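You will see chain A twice below: alongside chain B first, and alongside chain C after that.
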Partner chain A sequence: MSSKIQVLSNRVLKKIKGFRITRSVFAFPYILFLMLFVVVPLLILLVNAFVADGAITLRNFYDLIVDGASLKTLWFSLLVGFVTTVLCILIGYPVAYILSKRSAGRLIVLLFVLPMWVNCLIRTLATRALFESLNAEFGIGTLIFGMVYNYIPFMILPLHTTISNIDKSYSEAASDLGANSVTTFLKVNFPLSIPGLISGITMVFIPTISTFAISQFLGGTSSHLFGDSINTKFEHQLYGVGSVMSLIMLVLVLVSNFIISKVNKGETADNLW
Partner chain B sequence: MMEDRIIELKNVCKSYDEKPVVKNVSLSIKKGEFVTFLGPSGCGKTTTLRMIAGFEKPSSGEVYINGKDMTKAPPYTRPVNTVFQNYALFPHLNVFNNIAFGLKLKTVNDGTYFTSKNGVKYENMRKLTKDEIATKVRDALKMVDLEEYEKRNVSSLSGGQKQRVAIARSLVNEPDVLLLDEPLGALDLKMRKDMQIELMHMHKRLGITFLYVTHDQEEALTMSDTIVIMKDGVIQQIGAPQKVYDEPANAFVADFIGESNILSGIMLADYTVSFCERVFECVDKGFKTNEPIDVIIRPEDIKILPRDDNNAILTARVSSCVFKGDHFQSAVLIDSSIEGEEYEILVHDNTECKSGDIVGLYIKPFDLHIMHKARLINEIEGEMWDVNVVEICGGKFPCLCDLPSGERVNVKIDFDDVIIHDNEDNGTIGGVVGSVIYKGNYYQCVIRTDSYFDFFVDTEDEWLKGDRVGISVDPKNIIISVKKEDFNE
Partner chain C sequence: MSLDNKTLTMQKSSVKDKNIKKLCENGYILVILLLLYLPIILIIIFSFFNTSAFSFRKGFSFDSYASIFDPNNSAKLTESIKNTIVIAVISAVIATLLGTIAAIGIFSMKKRTRRIVENANQLPIINSEIVVAVSLMLFFVTLRIPEGYMRLIIGHISFCAPYVVLSVMPRLMQMDSNIYEAALDLGANPFRAMCRVIIPIILPGILSGFVMAFTISLDDFIITQLNKGSTTGIDTLSTYIYSTQHTAGGLKPYWFAVFSIIIVVMIGVLLLINLRKYRKNIPNKDA
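And now, the complex of A and B:
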């Protein structure tokens, strides 16, 4: 009897001995968090999307396609995201480029980034108040202004980092080989800044297509985004259709991420011109 | 003769934030020459090269290329190409496109001319065709033995291959002058030797002027037709490698190029010099009687003889002997009348000695190189801060002088009266050890203060170059005289 207990306790001890505090142990709390708040909700979404009236069906997808308004909103969101991204590039690139060439640049970049620490909602509400005081009409114009204002630091920051890190000797080499400043920019500095540009696009385009708060405050009545529609669906307890739309959103994010990473790799490996 | 000179620098100066880096450099370079700028780091050699390339604009002075004033011309208009120290190959282009970069921008005469209304004849320009570019790039790749590497990504190349691509990228543009900024610095020794020889071959074959910057004296001696030795932004000597080696212009050059024994001595009369407390015959004349001078002797110019050999002009005791492959390096000590002090001399000879041996030494009078001393005493302008305190180089030195405050004075301090402190705070002022030269029985250091005055200091200890140290002087050793007023002002 006693020997049996000994064997058992030995086994337990062995088990405990086998347990070592390795580095991976520190990841367990986070993995648990991830499971509870990311993976489980995603599974619920997935189940909800294929369930209607207690049965597995594709009716939610059907409903969404028949209801043309939601798809229209989706296109509109993509368009707004695209325009916002283009504007952010047009404004952000020159700023980042000029700032990275100046010694005082770091401070000014800090000024650009400073608003990022203010809550997005507060900024948006403040912008709204500003437009109201100007008696501006809320619509696509104000919406895009708000989007660009909110997301431009995310464009400038990676661009500034990439451009500042481009070795000065590349420009010198280009100039030495006969390129004037415009050619040097087009053939050397711009191609070398593309990784920063891509990460800027990732940081701006993907969040903009799923935003909803900015459009609610600044979009007026006409400019609803896809994020707003999802919000409305869940508010009206249409969990099935809402889940389908969320899944579409998720797929869009994954697809754009995939495309961007492909393009990025392709660009560094092959030549650009 | 003017057309012979491809590059001319006239009184070129360059300062960054008031700090002079290149001081009044003038030189001319002949077409087809292989010229090397040699000097320790921070001597201004790279800055000079960059001013020729056009990356830096001189603070004053002019740069002429092919007889044309190019001082303010941007780099892309100059007929020169640069090989950078870090290669600066474009990471987003493959080998072919890196080399083709310059060619794609180039325009050439298409064989026709255009005459404007006022009769000036212009060349009609065209871009190079794809085929022309491809042919030139392939030729360039062939020249550097990288035919197979056209499509390769530059990041996949080894250091030596990158170097070759960089050279091909510059040479393919057929520049008048090729500028090379320490191009072999990042390569290992074997590779460096191979590339040295290849560069020399290329120079011979192409007939292009090469302007090479290096801190490696051996590289400079091997490759160049002419060596320009720089220190602290000033040219110390310009000459053929052999001349620079055999007849160094000053103690710095002698110490920097090859190994040398530098000893303090006195010129007793023409053809007679005294050092190590002994008198020797030499071939120099024209010095003042009893002028303090530096004697420079190359270790390989000293022969070791048996102690009782009739030709021996010195006897010495061997303190160490090391085999160096093709010779023995012996350190020998010569007696001094001062108790406990000896003069140490390095000898390169084929004779193997044992530590403690007494040997005779022979030096040809021709091999005693006699040089004026750069400076005999530290002399600097200062101002009396108060009675018994003088302000020089931003520090207040106690002294024995009753001149009133505010008086401009000349201050003299002997080399061996300056005291160096390990801890900067223990000195009256701080400075950086600039150079250290062993002079047989003591070290001569140059301490540069923060106001850029160089203190020459004779000391028994060896100080580490680049270290920050403190300097102080015993009040009784500061010699002060009233500065004569300049009446012209």
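And now, the complex of A and C:
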């Protein structure tokens, strides 16, 4: 009997001492933290979207659809997000491509990223002061300029990383086989840079439609974005409708990240770090 | 001979083409960089001209810098800077501790649980800031957690800690697991082995995680703005700037000075950190 207990206790001790078991316990406080302050808040958001006047309904969704203004803002935001993203690609892709061929490229990319560390509000107000001194009319044009100005580093960085990692011998092989530089780019380098492009697109598109300071400072009186209206809804204590709108935002985020993970096929997505 | 000449001239012209192309490319990069820095540089230049628009009319002076110390401006400003730094330090320290220990734990998990935890860790990073802010606010309101520093620090930790985990993880993966086991074989208990072996190896990851957490916390606007509470009067620098710009139109001269100082400090410090990293990486690459 006592020997049995000894064997058992030995086994338990071994398990406790076992390297893997003792170490994975270290993650528990953080897992608890994540559950409590990340997952539970999102669940509360989900519940709030389906609750109105203490009952479970779809009224918040109905209210959102009936209230045309919020949907209009959503479409407007998607449009601004789209134009901003396209401009960031058109301006940022050549930058990333040129820098990936230079030995000092990595250092210059650093110069592109540095302004990002200056508070976003400060940069936005600096742009506003510039437009004011030029007597520019605030509206969708200035808004999109501000967005591109703010988010273009997010496009250049992942693109540069991806393009620099493309094996040079692919394009050499293509030109050896008779492709000119345009064909080589279109058929070899561009397709290989798509993972970086996709992560750049989400890193520009999602923040563009969801910020609320930039549009207030640069968009004039009429150009409000989806982030602004979420903020206003919560300011006016309209938690139900606000939650539905946040949920739409969350779905957009999850869908775009699903696309990234599909394109990157298991490789970790390039983020800023 | 003539053939040789021909190829020579062809080569010459292609070299010339290449030079022109390179010149265009450099010019393009330069123009975009200039555009990117233009507003910031203008703010710095005009901070010496005591102006609220970009004009040289009032002449060169340090008046806008002096006006920072005007008690009307400085009280609220110093308080908000103090708040920003206190919140950033506390959240970054806690996030670094929590995230580092978590990374060690997650690293030794079984593949499936590890993937679930890693995905949960990605959530605050990929999520849009406004959704994080709103969901935290609903959480605090639902659980009746009192408004104040508590809410802000919890919020800041929740979006900083994932970055710490992400920066420590690669270091753990590079680590040779035999070293840890050797420490155990030589008689160290797991705790001692962790302090003496694992932590020193992953220290660079921990440090860069801390810097990241600190800067992200400093930079945050949306989550602080929605969770600071209306009655507490707590403002960080971002929310203070936002509130002043919201009520009064135009940028007062003293903001030019404040912005210039922040811009120079932030860019200077990060340039230093990154250049050190860059220099360190070059010999590694050759080796």
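Here is the rule we go by: the second predicted complex is superposed on the first by the 236 of 273 C-alpha atoms of A that agree within 3 Å, B and C clash if a C-alpha of one lies under 4 Å from a C-alpha of the other, contacts with A are read in each partner's own complex, and residues count from 1 in each chain.
The definition used in the following text is that a residue touches a chain if its C-beta (ideal position, glycine included) is under 8 Å from a C-beta of that chain, and two chains touch if they have at least 3 such contacts.
Note that the coordinates shown come from a computational prediction; the quantities given were computed from them, not determined experimentally.
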item	value
Partner chain in contact with A:Pro191 - chain B first, chain C second, else both or neither	first
Chain B versus chain C as contact partner of A:Gly227, first or second or both or neither	second
First (chain B), second (chain C), both or neither touched by A:Asp176	first
Which of chain B and chain C A:Ala126 touches, first, second, both or neither	second
Which of chain B and chain C A:Arg23 touches, first, second, both or neither	second
Which of chain B and chain C A:Ile206 touches, first, second, both or neither	second
Superposition-derived comparison: chain B or chain C, residues of chain A touched	C
Touched partner set for A:Ile163, first chain B, second chain C, both or neither	neither
Touching both chain B and chain C, residues of chain A	271
Complex contacts: residues of chain B adjacent to chain A	53-55, 74-76, 80-82, 84, 86, 88-94, 97, 101-102, 105-106, 153, 169-170, 173
Residues of chain A defined as touching chain C within the complex	17, 19-20, 22-31, 33-35, 37-42, 44-45, 48, 91, 94-95, 98-99, 106-108, 110-112, 114-115, 117-123, 125-130, 132-133, 149, 152, 206-207, 210-213, 216-217, 227, 230-231, 234, 239, 242-243, 246, 249-250, 252-253, 257, 271, 273
Residues of chain A that touch chain B when the two form their complex	167, 169-170, 172-180, 183, 187-188, 191-192, 267-269, 271-272
Parts of chain C lying in touch with chain A, wherever the complex brings them together	25, 28-29, 32-33, 35-40, 42-43, 53-55, 98-99, 101-102, 104-109, 113, 117, 120-131, 134-139, 142, 154-155, 157-158, 161, 163, 165-167, 180-181, 184, 190, 212, 215, 218-219, 221-222, 226, 237-238, 241-242, 245-246, 250-251, 255, 259, 262-263, 266-267, 270-271, 274-275, 278
